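Each chain gets a letter, A, B, C and D, in the order it is written, and its residues are counted from 1.
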Amino acid sequence: MDKIPYDKTADHSRAMAEKRLDFLKQQTQADLSHIAQFDFDPALTQGNIENFIGVAQVPLGLVGPLLIHGEFAQGHFYVPLATTEGTLVASYNRGAKLAAIAGGIQTTVVEAAMQRAPLFVFENARQARQFGQWVKDHFETIQQVAESTSSVAKLLNIEQYAASKMRWLRFNYHTGDAAGQNMVTKATREACQWILKQGVEGLSHFSLAANFDTDKKHSTINTLHTRGKRVVAELTIPKALMQEVMHIDGQVMAYQRNLSNLGAYFCGSVNNGSHYANGLTALFMATGQDVANIAESASGLTYTEIKPNGDLYFSITIPSLIVATYGGGTGLPTQRECLSILGCYGKDKVNKLAEIAAALVLCGEVSLSSAIIADEWVSSHEKHGRNRP
Amino acid sequence: MDKIPYDKTADHSRAMAEKRLDFLKQQTQADLSHIAQFDFDPALTQGNIENFIGVAQVPLGLVGPLLIHGEFAQGHFYVPLATTEGTLVASYNRGAKLAAIAGGIQTTVVEAAMQRAPLFVFENARQARQFGQWVKDHFETIQQVAESTSSVAKLLNIEQYAASKMRWLRFNYHTGDAAGQNMVTKATREACQWILKQGVEGLSHFSLAANFDTDKKHSTINTLHTRGKRVVAELTIPKALMQEVMHIDGQVMAYQRNLSNLGAYFCGSVNNGSHYANGLTALFMATGQDVANIAESASGLTYTEIKPNGDLYFSITIPSLIVATYGGGTGLPTQRECLSILGCYGKDKVNKLAEIAAALVLCGEVSLSSAIIADEWVSSHEKHGRNRP
Amino acid sequence: MDKIPYDKTADHSRAMAEKRLDFLKQQTQADLSHIAQFDFDPALTQGNIENFIGVAQVPLGLVGPLLIHGEFAQGHFYVPLATTEGTLVASYNRGAKLAAIAGGIQTTVVEAAMQRAPLFVFENARQARQFGQWVKDHFETIQQVAESTSSVAKLLNIEQYAASKMRWLRFNYHTGDAAGQNMVTKATREACQWILKQGVEGLSHFSLAANFDTDKKHSTINTLHTRGKRVVAELTIPKALMQEVMHIDGQVMAYQRNLSNLGAYFCGSVNNGSHYANGLTALFMATGQDVANIAESASGLTYTEIKPNGDLYFSITIPSLIVATYGGGTGLPTQRECLSILGCYGKDKVNKLAEIAAALVLCGEVSLSSAIIADEWVSSHEKHGRNRP
Amino acid sequence: MDKIPYDKTADHSRAMAEKRLDFLKQQTQADLSHIAQFDFDPALTQGNIENFIGVAQVPLGLVGPLLIHGEFAQGHFYVPLATTEGTLVASYNRGAKLAAIAGGIQTTVVEAAMQRAPLFVFENARQARQFGQWVKDHFETIQQVAESTSSVAKLLNIEQYAASKMRWLRFNYHTGDAAGQNMVTKATREACQWILKQGVEGLSHFSLAANFDTDKKHSTINTLHTRGKRVVAELTIPKALMQEVMHIDGQVMAYQRNLSNLGAYFCGSVNNGSHYANGLTALFMATGQDVANIAESASGLTYTEIKPNGDLYFSITIPSLIVATYGGGTGLPTQRECLSILGCYGKDKVNKLAEIAAALVLCGEVSLSSAIIADEWVSSHEKHGRNRP
């Protein structure tokens, strides 16, 4: 039992999980019976977790059908969302219904790239500049070395950023159906080791990462230059429908958007929309994504306009959506089932999932915006939500 | 069966969940046996989800003991983390071990407030300014009206933000052990309805929300003025320990921090640290938090310095940590158990949970920083991580 | 002659200026006859410059009449602008003409405060928090001490910002007709010295400034919390006029604004308008302002909307306009004359000047926006501008 | 006389200037004798100003010798600064002296580009993406068309930015010794007109500018991707010198920098340094630069580190320094003389001027940082500054 602290055993057996739970019960006097109720062989979690003790059971609700006209996602989709927040599923559902009646959501993955951005520090700025030129001149070799580490990763280009005596190289890769953070770390490390071996003049320090990727947090550079997928969802809502289904006027929604744009800009918000994070997080939890990427994926650009005929064009852009249909948590039992519901498990599916995610976000934006305007927001929470203190 | 699309039934029974799953199986031909394996009465999820179909089972791993010297969290804690990302638990565990050897982490909740920020639009800027004065003059009445909606919410103050003919009022509340977003929405709505009844001169438009809260996304205003808890974790690592346990030099870590600070600043990142989001998300998923709040909670300020004696002072500040130990998903079976492991379920526990969260984040920062410097990062992923393409 | 390098003489005589010019001529073989052509006693520049050698002669052009309905600026104003950029005066003039025909610009100073933000560093976060409370408890004494240094400065409040073991205190003052940076530095220093004498527990470091003011550079905190004056200018342009005078449609301008808002937000710009800096800089140079404050004063928030009747409401907000009508360069010969043209020299005039500045900015925004839309932009530069390579 | 309002006469004669001044005197009863004291033929100002009435006389002070080891600026420079702010010249002079004793400042222009960023709006995101590919495929022709408008402008590349149904093209040019904003506007307009003539599928709106340049305001995109020159100045200050000349310890200055970095990051400042704007503005006013560009040029990245031997490495980076030695106001009498003092008038001089500007900024940063630490800041203002209220 004295081995539990800072456990390092590679043991993913049910027996070891129980041992840990027993230890915890003894330490905390807590009843831990539900955590232990997983219905799969815990050996499956090898590569997904260490010191396994059981599972969190997170409720799944269903949104749909979501009508999508994507390049990869086409037709009606039922979307499983994992959340503990009342009203969330109902709200996205309401948006999905409106979207379907309006004719469906068009989705487009406009760019894709995953990054690792090593830092090279020199004796002075001039050497850093010279190194920048050297990297440009040797791009093809660097590419070969980087790509030698994986059958999937493709190095697209290397952006360069200069300050003081530093040069950040931002390696952009295609990573197939994996999110790819580990893949690009490995590839970039290999490339950098090759670079370092060439004898870089004036180099005083090297670091494989120094916040320019940017990983697990939002940054303007990610908004500008894509991290994961840059995906757009668009919907044109006929004038009559707004009133009928959402009980508001399209002009009023456009007016509210104008104000919300100013608000977001004024207070330094990283998303001028309402709550991209809600739908995305619930989808990520359901489908075995790296949920911490919500920190990056929840930023976005909402844009609407009133068409000459009075219809409302509504779009959302997610510049740094990080999703996978392969690797990571996607193969675990319930996660894989949720991906299967979407027809998104496995290879050549990642753009489809990205499109579904964007369409979902759009539903939530239309729905919450309408609710705020129609003042149905509080009452809706009172109806669906748990009674809170 | 034709009722499944845009389901609105309030039925949270197991039978209805099965009906929905049957419908899904029929639609998608997917095997959905794991989703259905929840071990509790789904009626419990009323208020947490709509259109319930089952659960996502997310692996839980154990970190600890984490030695914390907080005002609310004191002693050794075992922290359950829900994640599907290999290496994560091992990495936080390594940080926890170092922190304990170094004498433990000091944690402090330095501020607390939850917001709703309604917008008042006027005919012109002068009327908006006049309204601002009126609000100041009537603060006590507004406070009474707002607080009449809840036995918990306490209105602390109202910040005002002016642009064009607009005035945003940012209502700051204490919300007890709940995260409080719904509570403050309700209270603020009541206060605003009272304000509107007084006949506000020149008012042309009102909106209960217009991006100044800021909800479900990071903003500079939240970093400056706290959303949820502003919590600090601090650790002083003796010079000798750095080398022994982390295999690096404190001077090198401080140097790397200097570079990472510049990187984060340069690229417009909202966090100058490494990966607050990883630990926080895993803790949020385990303990029934509103995981979408990671979009707000993952921003932060990392600060280190070398002490005259060569020791390394390492601190993290989370300015907008949104946590709850009551309400929302905290009462669901596994979530409640995870809170119990931490001694954090129920009332008067929220500051304790905030302190544990901050201490956990600090462990992750120390650990990953060290790994990058010692170049153990890639190899560690190769050891613990799933083989990826 | 050997005294010229790093000159420290307090001598502001014409003879000394000539001596310095002779030295320069000898060093550089340049003809420096124009610099020497100032028409006032250089002793006047004591307090404005050191190592005086002569003057830069910057061309002045005239905009107006600008019709303003302010609380301080009322009526028609001719505005002298100092610039070397062709088209600038003509463009602002065009906007002024439109504004006058449209009925004039309403201006409002909605807030005013000048800052100094000292930093107190402690042993740990808890002591910093305790200090924060102490400062709140002793506000009145701190106020008295601060205000004892000046007959003008009034301490309004002290904002507090917490991170790690630090506490920034942001002292907000009214500073009369001076911009006030030196006044508030002196007052805050005195207040801090008093604080330090009380024996602050755990204090490890103090700095009178550490970037939280924020001085001579834009920051979000200044946009949120005002530095100098927060001033709004508003204009409603009748639908018919847009076409007649600006040759464009109001709907088109509102559409373009929607796009420009997205552009500014997307690329992380600190002003969603077009070129506030042009008019402000020219006004600052003409009237003896501290022109370096353009770095702070040029940020802003542009907001427009189409009224139900088709008229265009156009507003600009400058959240950190730093102007003075007393002190600094305002008393120098040509600068004072320019202030006199505006009726703005001396005491109790600063709000008037702030209103004129805002009205001017609005003219430039309307004018350039129209020009871009009507594609008159390039041709206008070709007409007025210097032939460039 | 009735022609003065909204004057449009192209008349740049002395007689017309006097007529305008007479009109102003009549309107305002102000004495305007100094404004009229310019010593050159006002016809020279054609292309620099409209509605000419005279000149602002701005005091010039001298800093130097500034010892620079640039690629273009080499040796000792005396720098004329135009300002009305007491202490400014003395402070930069103090920094220049320290820098010279320390061995001189190394300067490097690491990148250079001037932009215009037209916006293309489509029916939907997919068409916008397709257009992006088309632009890539036709880069060479676009380049030819753009460059046909000028013998100087060279189109380097076109960055693309995507959101919603929009595509911004950010054209990057080399512009010789001119700042180049007008040159690139003209070239880009020509290129866009060619593009538009090709019949772009789905195009619904075009705008030559929509805030992505970013012109006359700071933006993160400019910090990342250079506007004008990206220039670095570096200085290594021997440990002993800091104490001797600046009366402070290098370790203390590095510590203060660590705190100032956090402060700037925390409050959302666009420059983590102290006051780049002061020196730059004074240099810009003296040398006929477009001073409004201070809004862009005053942002920056300050980076310092303590070397193993205790020396202090101090660097500043200006990512968007916009300067010219040809065109604009550079040819006006006093402006040209000031450029001549620097040996920077005319062609092939712009990099030299950029290097001098950066070296100057570094002097100011070292000087003010030292003053704040040594608490000589207030007393220095009391000594040199004008007695203020």
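Assume contacts are C-beta pairs under 8 Å (C-beta built on N, C-alpha and C of every residue); 3 or more make two chains touch, one makes a residue touch a chain.
What you see is a predicted model, and the numbers here were worked out from it, not measured in a lab.
Comparing the chain pairs A-B and A-C, the larger number of C-beta pairs in contact belongs to A-B. Put simply, the C-alpha centre of chain A and that of chain B have 17 angstrom between them. For this pair, chain A with chain C, the centres built from the Cα atoms lie 41 Å apart.
Shared interface positions of chain C, defined as residues touching 2 or more other chains, are 161, 163-164, 166, 220-221, 224, 255, 262, 264, 266-268, 272, 301, 303. In terms of which chains touch, the assembly is arranged so that all chains touch all other chains. Interface residues of chain C facing chain A in the complex, by the touch rule stated above, are 220, 223-224, 255, 258, 261-262, 264-268, 272, 301, 303, 305. Note for the complex: chain A touches chain D at residues 71, 106, 108, 110-111, 124-126, 128-129, 132, 161-166, 220-221, 224, 230, 232, 234, 268, 301, 303, 315, 317, 319.
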